[in-house]
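Letters A, B, C and D mark the chains as written, and numbering starts fresh at 1 in each.
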Amino acid sequence: MLNQALLQQAVDSVRPLLGKGKVADYIPALANVDNTKLAIAVTTVDGQTIGAGDYLEPFSIQSISKVFSLTLALNLYREDEIWSRVGKEPSGHSFNSLVQVELERGKPRNPFINAGALVIADLLQARSGAPKQRMLEVVRKLSMNPTIAYDKVVADSEFAFSARNAAIAYLMKSFGNFDGVVETVLKSYFHYCALRMNCADLSKSMLYLANRGKTLTGEQLVTPVQTRQLNALLATSGLYDGAGEFAYRVGMPGKSGVGGGIIAVIPGDMSVCVWSPELDANGNSLAGTAMLEHLCQQLGRSIF
Amino acid sequence: MLNQALLQQAVDSVRPLLGKGKVADYIPALANVDNTKLAIAVTTVDGQTIGAGDYLEPFSIQSISKVFSLTLALNLYREDEIWSRVGKEPSGHSFNSLVQVELERGKPRNPFINAGALVIADLLQARSGAPKQRMLEVVRKLSMNPTIAYDKVVADSEFAFSARNAAIAYLMKSFGNFDGVVETVLKSYFHYCALRMNCADLSKSMLYLANRGKTLTGEQLVTPVQTRQLNALLATSGLYDGAGEFAYRVGMPGKSGVGGGIIAVIPGDMSVCVWSPELDANGNSLAGTAMLEHLCQQLGRSIF
Amino acid sequence: MLNQALLQQAVDSVRPLLGKGKVADYIPALANVDNTKLAIAVTTVDGQTIGAGDYLEPFSIQSISKVFSLTLALNLYREDEIWSRVGKEPSGHSFNSLVQVELERGKPRNPFINAGALVIADLLQARSGAPKQRMLEVVRKLSMNPTIAYDKVVADSEFAFSARNAAIAYLMKSFGNFDGVVETVLKSYFHYCALRMNCADLSKSMLYLANRGKTLTGEQLVTPVQTRQLNALLATSGLYDGAGEFAYRVGMPGKSGVGGGIIAVIPGDMSVCVWSPELDANGNSLAGTAMLEHLCQQLGRSIF
Amino acid sequence: MLNQALLQQAVDSVRPLLGKGKVADYIPALANVDNTKLAIAVTTVDGQTIGAGDYLEPFSIQSISKVFSLTLALNLYREDEIWSRVGKEPSGHSFNSLVQVELERGKPRNPFINAGALVIADLLQARSGAPKQRMLEVVRKLSMNPTIAYDKVVADSEFAFSARNAAIAYLMKSFGNFDGVVETVLKSYFHYCALRMNCADLSKSMLYLANRGKTLTGEQLVTPVQTRQLNALLATSGLYDGAGEFAYRVGMPGKSGVGGGIIAVIPGDMSVCVWSPELDANGNSLAGTAMLEHLCQQLGRSIF
């Protein structure tokens, strides 16, 4: 049964995994995180949130923000305006690869690899007056937490090490699939990634994915059909080059970030967020995946 | 509501798509199929099967057989014996590509691309006394149809044009990931592909995927956990390089074949088989996908 | 025998090829060139220059400048400082591909593809006080033509369409193989490419490659060994993805540019420059290659 | 000056390199070779042969045979019949890669990588009554050594480990670029590779490449133009993925084999063969390359 004890059990069960993964270290701001953090929070469609471990401690959500970005884009653009510029297929390559972008002439495989998320950020930049401010408003409202903020140190640090993402953006621009000024869009993109949120914030924010598009405050953020589509994309492409393994072990649509967070949902049921900074070889939280696996097994729940 | 009329409606709704796809023509035996065939059959977990269109007419199941092969392998081998030789990730390449097999040193991405299915066929060959006979017994029992047979013309024709698959098998052998005699395993593999079954046979046969591993006759073919895992693999890799789009539009784990058939399941609910020989650019049945999409929309059902 | 008549014959013999290639059109400044131009000039090691056709009409030398850049780098750096950052092998990919740069972790295959030339430009930027000015001085001296200048329109136009090269530079930067400010280095790089020189200028300038490193004015620009090495690199990598065909047909170390120029040398003998703006599928001057082939056949000369 | 003492000096100068490379070990018959062997032989266009070290000891010529195969094909086919099926460009990939063959739809990059040599072997099989016997006659005549023979142990051993080459052949067959029976052609191909010849045999045999197509016995094996073309192909593609480095250091058209032999020529001057079984990372003889480099430096000779 889903209760606080079960979540605590999930946390405890994965503690032996600490030390087996590797904290993201490509920028100092991420490398310095305490690698022993473990957290889980669940929000159910009836609006309840429970958590265990360090679930009230904020962390850098990183690529989890790609879910928010795509959702915002769905509010600003027609479907075909989005899907003519980014695909819906798993990439079969690492999250920051340029190979496929070149071979497929500038069209990224899906909105959750870096190339695809940069196209989405480019779309947001073009239609939002102040996209960074808008993003902040949205996540504050979704999580009902007005204190959520960008971590400027992380955002600036990402920008200082942004050569790879700049290369991706320029490559897409060379194929006519990037409209904005690269530096400007990158700055927005890195801010989205630098949002600091805790597991409770994130499980609350993602409830709409489990609740046919309805947020915790009852707003219809996206349609039920769009919600199903978002979950489908998360299931096939949300976990970098580990989506198959994640579906196999966990069986929930989900999205991970190199900060060690993973959000996942059981549609019609609940949204979950786990956090543990050490990553596996695919860049997904190692103990976080194990917590989700434990939870699904104990609850006997999965989309499959 | 799921009934014969709804299935008929699904068939009728896609008739305008005829002529927009392309029948597989790499062997004459497939090229000669009547491209106007349209069929759907559904088997529910309570054991009922209904159908519409040409659902009692047999066709070449082709790659749908890869589901049976993997299931048989799960009965003969420990999990790690299988997954050390084939991965669980979407490939991001076309179904018969050698590029990734070379780059990843002989380990295919998943059991549903040709390379992966050949490894599974190699496993079956090693442990089944008479794998072709065994496969036949299994599908006859699953479908409760003792008349199911191999189409020898198709099997021989495939073998005569088997250079690409031979190349894949030899490449894996060069990396130590193929034990048997290439010609022998290819012959078995092409026989599995050359099974002739109709939509009713296939929806009945696949019921175990919707029913926690239990077959129509009540046998526990695989465990509930294995069933979930099979569905997870189908959801992420079952539709060649169109798995993302299929999840987005249909939202069911599924597996397609170049004969124009697609099987799909809603776990806990039903298994479905559709058939229409014309294929889309990814090699999946064009009208078949549309029938499944129509069915899901009308029923308001999907795993997402 | 090498004389003006032979050169005129070379020009006349290729006139029927006009219209069979395609003028580079990625920037307007290049697209507007007169596609009927045909020119050849030869400078022999005894210091004589003869020419035919439009050999006194300047054109955009484009990638031919990569020979000057590498030569300047050899004057500023130790060999290992250069070859630790760029390879010496043919790439097997198109001149502006990022695939290999990513797969080989930021190290370009050779100094004559864009990636490699950008690394060389980065090296020049780091050690030359005013690299654009320095380049100008060098080519003016080599050609004994003080009027040679940059075409600002071309340079600015290239910069305006520089996304692909920016992507390459940023990708190398992400691997730690690009030190300078991308925009600054690109501006220098595009200036080198935008040098306007005629065939006589270029055949004179390249004489050092035929003359064991000695320039037309008798200066030892590089050592005899370095000269041999430069010629070796030109022979294997100087013609983009058409080096094999060029060696097969022409048999001279050479370097082409998308402006339609090609320089080539017979060591110990002569340097040649041809010009015809229409390019073949590999981006090399179509009629230019044919003129060189004609010349070699008539003279019975080749390095092979 | 070219004399026996100079060759002995070349041998002695590279002795310190022994132990720095790695003997080919993919088949036992090659792995068991004495890694301390060092040999060089030179044949000049006036018909003299001199040698030093183990230059009379036969070894497995392996890929050096690809030069003979292509030469024989030039005697049996029109140029366009050959070059429509195999390219002339450096591959930029390892010698046994399938990636490029797949991407370029079955057409190998050049006749000196395995894929290209298999196409040539397929051509020989189609037009020679007894291609293995014919090859033997040719090399015996070229070297004026009637005792040259195939090493059956090596040929059989290669065939037993032929999966990779079988994969390449089948892949080309799937694209319609391989006509014969794969096993039959592979057997011929492995026999060509299993020729046992010594450095004197090889330098004599290759004299036609230095002598405008004329063999040691005065026969015109290929035309002067074809000779130039063969040398051009060797210069750009003869050293696997190390052709650029070889041209840079040595400056002679050449061809290496994994048995540790390398043949090279200075057109108009001489043919050379070196042998040292330890290979560098590209599969070329490490000390062999160094001997050629030493020879060129001492003689002040190179094509560049």
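Operating definition for what follows: a residue touches a chain if its C-beta (ideal position, glycine included) is under 8 Å from a C-beta of that chain, and two chains touch if they have at least 3 such contacts.
Just so you know, these numbers come straight off a predicted model, no measurement behind them.
Asker: By label order, what chains touch subunit C and subunit D together?
Answerer: none
Asker: What's the chain with its C-alpha centre farthest out from subunit A?
Answerer: D
Asker: Under the over-half criterion for shared residue numbers, do copies subunit A and subunit B use the same patch or different patches to meet?
Answerer: Copies use mostly the same positions to touch.
Asker: Quick check: how many Å separate the C-alpha centres of subunit B and subunit D?
Answerer: Centre separation, subunit B to subunit D: 47 Å.
Asker: When the C-alpha atoms of subunit B and subunit C are each averaged to a single point, how far apart are the two points in Å?
Answerer: 55
Asker: Using Cα averages as centroids, what's the distance between subunit A and subunit B in whole Å?
Answerer: 32
Asker: Among all the chains shown, which pairs meet the touch rule set out at the top?
Answerer: A-B, A-C, B-D, C-D
Asker: Which bits of subunit A are touching subunit B when the two form their complex?
Answerer: Subunit A reaches subunit B through residues 87-93, 100, 109-110, 227-229, 231-233, 235-237, 241-245, 247-248, 251, 253, 267, 302-304.
Asker: Could you list, by residue number, the parts of subunit C that touch subunit A in their complex?
Answerer: 97-99, 102-103, 163-164, 166-171, 173-174, 178, 182
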